[in-house]
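One chain, chain A, appears in both complexes that follow, with chain B as partner in the first and chain C in the second.
Let's turn to the complex of A and B:
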């Protein structure tokens, strides 16, 4: 495997093993989960996210069986992500009386195949020397993009926003790209504008937790800033999306996390100031150059 | 604190000066629902020092990471930006790392920027994204982009 983050959650018999992303890059540790309550705990504590939460959802359904209950409780814990859509997919297959474990294994394989396809599609749009600005972590998808670029005779360097407060950019993306020997640099989130101005980056790639058919997306906090700045500097902004729905993006509940988490990795002082922590933001379609869907369908 | 509880914010970028703190005290007497927004200001974590100064002067403030600024502008929460510059040049104002980010986001959302001479910064523990609070997060610190003072051109500050 290219990176443990490509498949951060796996199912072995009646146990789910979740890569504890909050321990990376210092320790590669897996948490064993075998109940719905345990799954909700690791989700709530940010032990996994993005593709990891998709896998965690599917595998919890295999163990817990009640797909609706898993979907509603997962949604309560992480309201921004569309677990209903995953439940719909699973229920569609489950109605055909197939074994849920086999169905999930097939869906996961298909999903992975499509992530690689999506990476190839995007690589085709990037310049011969792609200097890519990115945020948070795409669970190995940047490695797929890099491989696709190499196959096309292109090259790339990734500029990763550290992504405060959890530092997913530093702890996950920089770590996985660096160990795969892919050119990478790390920056403070607020250095994005100066890099764009200086011409150090020539495209932006982000993921999305939610998207609608209009083209608006919800992604990790900081994404909107990159999008509006990219537009100002005439830099193309690409969004990797999955299952866009016919919804009003503004109606989606943006998860607001606990104040103390804003001070992650900073030594505790006497008292912290009051803080806010919206964990995601909204990027309207007008700031996005292209959307690359997991289904392989390319939308303009 | 939840976003819904906040009506108006004044964003501070750079090291706040003693004079500005005195001015803010007066402004706060007349605007009850107002908060100062103190961003983290990486890599230096200057926000923690600014917050301490504001706390000592009993000025209401809210702390946020730098990447939250865009969303707060998008939600129309920030009404004014106070940019504490280091130096004025014929091309614009020079401020700490991230000054272009903060001012450009402000300008793109039509939020007025007020220029004020910055206060004196203490010696920061962190010089770039490789560390936070002095703790190293990457094997090769050379992979971190150097944090430099940034010029904000006049056309953005207009």
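Let's turn to the complex of A and C:
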């Protein structure tokens, strides 16, 4: 059973339906969007993220037509993700074929195929009993990985950092793995070291919002810390990447989100001021054992 | 201005008043306790912890008289803390003097003096602008440290890990420093690495529930992770200790608390199963730059 998070954003006629990830796991609700402004609002409020923002970008381009305007406003709203790259890809494909909707559907299908391919590649590297530590949410890709492991006669248990402050680990990953009957445990982000020390996990798998050709990645805040700990405990650390770019990763604008969000999901949260909240961190290549790439298809 | 957390438990006549730390920062409420059973209940529910449990132990002994029974039942309820040591101390002093209440009052006063002394000692080691990363709650001792720094012409800002799952950092430390007008920022536990990397913090201060003479400490889950990160970034890591004992620290029973507590303080938390929750971790001596001791007084 796949996860609704595999395709959290859908295009139907002239409406985009965005799975409201901030309501999960309590409610599976879709927000209807059909303007650039509406798309920017759900993006800014993190109603969708990760693969969802890729889909939202493409579908917004189908409706709004002006790819450059979509890219620049999306980038303003969530500066860390590489929307320019998506725009380039889309424009390249669109040059060959006129109908943007058709182009986007083809790209999305390829994406899906490549995510499954990436999952199989990674599954091949994992031990027979993979006790996987992970963070945030990989939009159903853990389920692909689990299925690939099963096909290879391997098994897996996932240990998921709750991923404060938005709790994507608890709200999304726990939810999607649970409903697919895949063994999963939640831990607080500060408990990773003890799990590693006790040998409870034997690999780490993380996604990435950005990466460069050197191998540095940018991903959800907390990833860097896991990487340092994994290196200390000699645990392999795998990064799922896409579109690695020839850039200095330090040049990328790391999004600083509002401090009130640190108190989200906590009772009576409005009464607490004073927090810091860098939404992502950088993990240098030296910490990464292997990079599982999805990018091949768009390169040639 | 000191913190109510400096003395979270008080003895008045034949009643113990326990500051309910689980209600903070929303409500400053005291629970009246006057039996061993009542004391064990507030202890088990973590209504008080750290220095509060020291005070609760002593005052329960005053009311209940049977020191050994208090120690063994307290230990059963919260196995990681060294209640045996408190019992030994109390019995040693009580041998010289008959009135247990008077003995306890004297011990508590000494404790207070020694905590201030310990804070001064540590303040002497800190830089002129101390940007302190800390975790959990030190029962007002950060305020002593801040005052000591000020007296030395130094200043400080505290960066406090929110300390999931109980959020003692947010609920207690942020609250007590804020009301004392001391500069403070909250971070999610997974954000420590980026702060260290960016040079935003230049020292780490943690408490300890237990320690041995080798220098290993046991403290709130998350401490070990901070220690590994601090070592990686060459940031001094100071541990406040008391009663270091000649033991193998691995022999100490690390409390495993109920998984439902991982979802505490989170909306609709009852719907989320499957977590792990070791309540403490061990930080080996190699990670600790210096140990600031309070134990001298009871040794001779």
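Please note the rule applied: the second predicted complex is superposed on the first by the 288 of 300 C-alpha atoms of A that agree within 3 Å, B and C clash if a C-alpha of one lies under 4 Å from a C-alpha of the other, contacts with A are read in each partner's own complex, and residues count from 1 in each chain.
In the analysis below, a residue touches a chain if its C-beta (ideal position, glycine included) is under 8 Å from a C-beta of that chain, and two chains touch if they have at least 3 such contacts.
All values reported here derive from a predicted model rather than from experimental measurement.
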| item | value |
| --- | --- |
| When chain B and chain C are modelled together on chain A, clash or fit | clash |
| Chain B versus chain C as contact partner of A:25, first or second or both or neither | both |
| Partner chain in contact with A:251 - chain B first, chain C second, else both or neither | neither |
| Touched partner set for A:12, first chain B, second chain C, both or neither | neither |
| Chain B versus chain C as contact partner of A:186, first or second or both or neither | both |
| Against chain B, colliding segment of chain C, chosen among 58-66, 94-102 or 130-138 | 130-138 |
| Common interface positions of chain A, toward chain B and toward chain C | 25, 135, 159, 161-165, 167, 170, 174, 178, 184-195, 197, 221-222, 224-225, 228-229, 232, 262, 265-267, 272-278, 281 |
| Chain B to chain A touching residues, read off their complex | 1-3, 6, 38-43, 45, 48, 51, 55, 61-71, 74, 97-98, 100-102, 104-105, 108, 128-130, 132-133, 135, 137-140, 143-145, 147-148, 150 |
| Interfacial residue positions of chain C with respect to chain A in the complex | 25-26, 135, 159, 161-165, 167, 170, 174, 178, 184-195, 197, 221-222, 224-225, 228-229, 232, 262-263, 265-268, 271-278, 281 |
| Residues on chain A engaged by chain B in the complex (per definition of touch) | 25, 135, 159, 161-165, 167, 170-171, 174-175, 178, 184-195, 197, 221-222, 224-226, 228-229, 232, 254, 256, 259, 262, 265-267, 269, 272-278, 281-282 |
